[in-house]
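Each structure below appears as structure tokens.
One chain, chain A, appears in both complexes that follow, with chain B as partner in the first and chain C in the second.
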Partner chain A sequence: MNFRTRVALAGLPALFAFMFVAWPLVAILKRGFVIDGSLDLGAIVDIFGSDRSRSLVTFTVVQAAVSTLATLIIGLPAAWSTSRPWWGASLVRSFMTTAFVLPTLVMALAFSTIFDRGLLPIVLSHAAFNVAVVVRIVGNAWAGIEPGTGDAARTLGASRFFAWRTVTLARLAPAIASSAILTFLFSLTSFGVVLVLGDYRQGTIETEIYRLSRTLQFDKAGALAVVQLFVVGAALSLSRRFSRNPVVDLTTVQTRQRAVGVVVPGLAALMGMCLVAIPLGTLACQVFFRRGQWTLNWWRALTSDELPLGVDPLASLGTSFHYAIAATFVAVVIGGATAFALAKASRGLRLLDGLLMLPLGVSAVTLGYGYLITFDEAPLRLRDFYYVVPLAHAAVAVPIVVWVLTPAIRGVAPGLREAAATLGATRAKVFWNIELSLVAPSLGVAAGFAAAISIGEFGATALLGRSGTATAPFAIGRLLSVPGETARLAAFGLALSLALSTTLLMLVIDKLTTLGIR
Partner chain B sequence: MSALEVLDVSVMRGDTRACKNVNLTVGNGETLALLGPSGSGKTSLLRAIAGIEPICGGSIKFDDIDLAGMDVARRGFGVMFQDLALFPNLDVAGNIGYPLRVRNVDKDQARATVSRLLEDVGLVGMEHRSVGELSGGERQRVALARALASDPRLLLLDEPLGSLDRLLRERLAVDLRRSLSSSGLASIVVTHDHDEAFLLADTVVLMREGSVVQQGTPADVWRAPADEWVSDFIGNPSATTVERCDGELLTPWGPVTSPGADRTVRLSVPPSAVTLDPDGEWSARVCAVRPNRDYLKIEVEGTDRAVLAVSSDEPVAVGTMVRLRVRVERLVLFDI
Partner chain C sequence: MTRPMMALAVAVAMAFGACGTEEPSPDDAPITVKILAHGSWVTAEGIFEPLLQDGIKVEVITSGDAGALTNEVILDAENPRADVVYGIDNTFLGRALANDVFGVHDYNTTGIATWLLDGIDQSRVVPVDYGDVCVNYDIRWFAERQIAPPTNLDDLIDPVYKDLTVVPDPNLSSPGLAFLLATVDRYADAWDDYWSDLNANGVQVVDGWSTSWYTEFTVSGGTRPIVVSYASSPPADVMFSDPPRTEPLVAAVDDGCFRQVEFAGVSRNSKHASEAVKVIDFMLSEAFQADVPANMFVFPAREHVRLPEVFDAFALRPTAPVRMSVERSEELRDETIARWTEVVLK
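Take a look at the complex of A and B:
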């Protein structure tokens, strides 16, 4: 593909990035800094003036830091275990990846069946999500280290520890830093988990933006959103010192490590697996198994007329799937065009990449808030548009789609294109017959991830959703906010259905991965 | 006196014995080549000597001290690995200087040592290149320099010219030979290439399926391969079955004197054993003429279509009959 084609291809993503990422974010900044047409830092200063806000920001950062530490402690052994050749390696990888895309509310509910509200369950569920990040990034890096280099260091006189530190650890360090940065960002901007598991008095910036927006205090919410943007920005720029742009390679690399049997890798991965399996198992037990016997009460609760007005769990599941399809379509088109345009890096296009990757760091709640204030007035009164929720989902899913597709596209041997061209194929034909068909399995994988993200997305949905456009996570949120056993059981049942859908999606993805690429 | 003694050593690899009761010795300043096809156990033996693999029988001694239980790091053997095992996170100087860093050598002194080694292997000024961007030959040289930088008592080289193209191999082989002899170290070179083994080594040890089948100087091995397998492996033409009768071998190309009892033997005729000569005792028909770098390779066939190669300076037409002179002492004979 020549430069011009790539620029043309980048047009649609650029428009999307401008409309649904850049503009809302600029609107937030404008709202925070400009009051009545002139620069006014009052709202921001007020935030740092108030004890409540200061403790909010502190708690947000501290819980993210502790979560990152916990994720590394649990994730590094698991990453090591997946870097070794044994039958469980791919199982651990798939299992943790499924946990990664599990709806946040599901994970939060699962942990709520074991723990009371507080810092511990927040940290543990953040770890349960992000162990996958460590497993993927560090595990792949570990798998790629030739065991011969360790032997070489030893023959050159290095002690076991010195060899490990200078050869293995030195090469893992960038990967560990990348995964720590991503985990920190994800924990910093986590919403559903904190909403369900956090202490009532102690929220994070995210939950506070949500609370303020819901109570129509848009100015205060705006100021906090600006603070959130700055915290995230500071974390990102700090991270640049330690590592390149963190990228999760979702393909699996062939390991070069020597086999060490099954027992030790199994034990190393056990903690991470249990962290996910035990809470989910407890949740399932609470739904299906009551007072020592199997029960269908959860199903009755889902269709019960005792539920709060305007909450229809089954209809919300339908809406979720409907939105998932729409969001997946948009994300794959936008992310696909981006990945193809960016297959070879060039400066202008990299800016687009950076813009589209922003939703990874910027929280979904902030994005949702941006949509609320941006698309508030004619001619773009999109807040009432039925598909505004899936558009936000797509914005969140695009980075993952790009992650999945980029290595696959780069992996297409350039020789193939040239070979096809010498056989008389036109450029369009080469693209259609060779590149697209080779990348097709990865497109499937990307679509699966996009769908999973849309199904589980709660941050933007919580702000943008209304009864008419309630997704399943939105309905769970509503159900949790009212008292009563039926509502609670319905929420659990709905959560399990979501978990099941996501797991099915991941199984399909797994099949696709083994079918196609590498 | 021998520096390294390998006595009756066996090495396990998985569930099979990769080396069976191997004996060999290498003296200071001597180079020994372990020659054999892949899977013959030569790499396993090398790794066992280095201390990376454990041995399951026998003993390895260096300067009369048994190495059993001695840590890899304390053996002081420089190893050049088959895949080179350069550290990708370090640059050229970082790789070569690694053993100096391990020993806490003073920084300036280490820098001087590294640049001297770079000079020795012909990579002057490449200190800060990343090892990823080096060519195959350059990587090979860095690996050698790194092995030498640890100031080893013994050099162990696993396929040191491994994956290089032929031209580069030949050039580097000469350089390597010079490095080995100027270092004055005992060294072992593992290779599957007989030309390389004969070029580099003072002693060649041929291994097959974990056992030593022959050891001796290159000249000995050339002159008298221990058996037909060795003969085939070092590149002699495949043997034919011939009868010996009244002190004469009855070959497909004619008879030749060969003292010994009457019996059936196998005969391989290396190209160096025959020359074109109008007064020669054998006769055969030319069936192919192939140009080589500085001579022509003439293939002739005798009875039973048994083909034999001769080198010649003059072109010969295909189909003509030629006579061959035989140098009896160069014929390779095996009992059945």
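Take a look at the complex of A and C:
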């Protein structure tokens, strides 16, 4: 593709990035900084003047740091285990990746069956989500290290530890830093987990933005969202000092490491696997096994007329899938166009990339809040638009789609294109028959991730959703706030259905990965 | 390669095919009037059937509690989800009125208690029912420990009752806000000191009434024997008892009660305004008003409506509930909640 085609291709993502990322963010900044038409830092200063806000900010950062530490402690052995050639390596990878895309409310509910509200379950479920990040990034880096590298150092007289520290660790450090930064960001902006597992009084910036928006205190929410943006920005700029670009390569690198049997890698991965499996198992038990016997009552609870009016679990599942299809379509088109345009980077397009990546750090609640205050007036009163929720989902999913597609597109050998062109194929034909067909499996993987993100997304949905268009996570939220055994059972059943759907999606992705991705 | 693309195309077609427009209804089919109610809406089966004679079918959708309901109605004012809004109370009505969410109509308020109508712009909203938010306690819990149950607001900060009270967050819960306003009314400028003391005495805060009553209250298996609930909670406890009981396990404290009045109005942008007015008039009629106590555990706004026996027997009639005007609540609410959040949720 020549430069002009790439710029043309970037048009649609640019429009999307402007409408659904940049504009809402500018609106938020305006709410935070501009009062009655003039620059005013009062609202921001007020935040730091209040004990509660200060403690919110502190708690947010502390829990994210502790979560990151826990994730590394559990994730590094698992990453090492997947870097060794043994039969369980791909199993561990797939299992942890499935955990990564599980709906946050499902994971939170699963941990709530074991723990009381508090810091510990928050940290553990953040770790359960993010071990996959460490496994993917550090595991790939580890797998790529040639086994002979340390030997040279040792031959020259270095101690075993010194060789490991200066050779292996030095090569892993950027990967560890990347995964730590991503984990820190994800934990910083985590919402569903904190809402369900956090002590009621001890919220994070994220839950507080939600609380303030829900009670229509938009100005205070705006000021806090600005603080959130700064914290995220600070974390990101700090990350630049350690690693160029925190990118998760979702493809799997062929390992170069020597085999070390099954037992040691198995044990190393066990902690991470248990961390996910035990809470989910407990959740499943609570759904299927009640009062000492096996039961299908949860299925009846989903359709029970004892549920509050306006909460229909089955309909909400339908809405979730419907929204997931719409969000996936938008995310794949926008993300796909971006990835093709970016395959050969130029500075202007890098800016677009950066803009589209923002929702990763900005957090879904902030984005939802931005949509609420931006799409407020006719003719762009998108807030009432039936598809506003999947649009937000798509904005959150685009970065992942770009991550998945970029390496695949870059991997298409230029010779193939040129050969086809020499044989008389038109440019469109080259694109359709060569480039697109070669990245089709990756496209499938990207679509799968986008769908999983949409199905599980709760932050933006919680703010933009209405009981008439409730998604399954939204319905779970409602069900948890109403009394009664039936509602609780329905919430658990719905959570389990979501977990199963996501797992199915991941199985399909796995198939696609083995089919065609290098 | 073509297969994933085809699948994608089908998926897209499905996504957008499902949002077709509604079928136009023939002229003789009844017009559907939607009521958006708070989450505690309960009525007898088929209560709105008489309205079918006027060609009106009623569909009820629910929101959260009064606060959540008010906020949802304000956010959706331009494009309302329902024609009738029911359940905004006097603590939140000011916010709804300030945001101009109701249309102007003529309602038939004959028979409605005049003290409920006083000071209300009756062209916008009408009172449907009222109740009192009062502190409740677990009778058996205190009897078993031979501790005297609390009798007034001051008791709650007494060390004897340390770690025994749970309250809903006034940010999100209307009984929570009602209780907060009752303390403001009682302690005037020193109300935040009262809450600091409550905090020091180990008060627990939860998101809503449901959580406090069904999860934290000792009667439901929790650890707190004192909750914020309603004067009508004792009869409700008897009516819902399973296995059936004839005596309530809970009692309401006759101090610091706050009178909540719940209103109904027609959405400003309703497309069926005249039918919606008929629905509200029906909600003020004898038939609907007599149904209200046993189902929603509130008192009917209409005078001379027969109450269920269990109501007469066990509902507390507070001697001097706090009656706060819509204007006064509006003046106090936001500032009070903000201050409360600073003092209590830190």
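To be clear about the criterion, the second predicted complex is superposed on the first by the 518 of 518 C-alpha atoms of A that agree within 3 Å, B and C clash if a C-alpha of one lies under 4 Å from a C-alpha of the other, contacts with A are read in each partner's own complex, and residues count from 1 in each chain.
Keep this in mind: a contact is a pair of C-beta atoms (placed from the backbone, for glycine too) under 8 Å apart; a residue touches a chain by one contact, two chains touch by 3 or more.
Quantities reported herein were computed from a predicted structural model and do not represent experimental measurements.
On the superposed chain A, the positions of chain B and chain C stay apart, so the two partners fit side by side.
Contacts of A:A153 after superposition on the shared chain: chain B is touched, whereas chain C is not. Shared-chain residue A:L119: touches no atom of chain B or chain C.
Contacts of A:V167 after superposition on the shared chain: chain B is touched, whereas chain C is not.
Put chain B and chain C next to each other and count what each touches on chain A; the higher total goes to C. An angle of 170 degrees, to the nearest 10, separates chain B from chain C at the C-alpha centre of chain A in the overlay.
The minimum CA-CA separation between chain B and chain C in the overlaid arrangement is 36 Å, rounded to the whole angstrom. Those residues of chain A lying in contact with chain B across their complex are 146, 148-149, 151-159, 162, 166-167, 170-171. Against chain A, the residues of chain C that register as touching in their complex are 1, 4-5, 8, 11-12, 14-16, 18-19, 37, 39, 41, 60-64, 67-68, 71-72, 74-76, 78-79, 81, 95, 169, 171-172, 205-208, 210-211, 213-214, 334, 337, 341-342, 344-346. Across the interface of their complex, chain A is touched by residues 50-52, 72-79, 81, 83, 85-89, 98-99, 101-103, 146-147, 149-150 of chain B.
Those residues of chain A that touch chain C in the shared complex are 50-52, 55, 200-201, 211, 214-217, 308-310, 322, 325-326, 328-329, 332, 372, 378, 381, 383-384, 386-387, 433, 436-437, 440, 443-444, 447, 466-468, 481-484.
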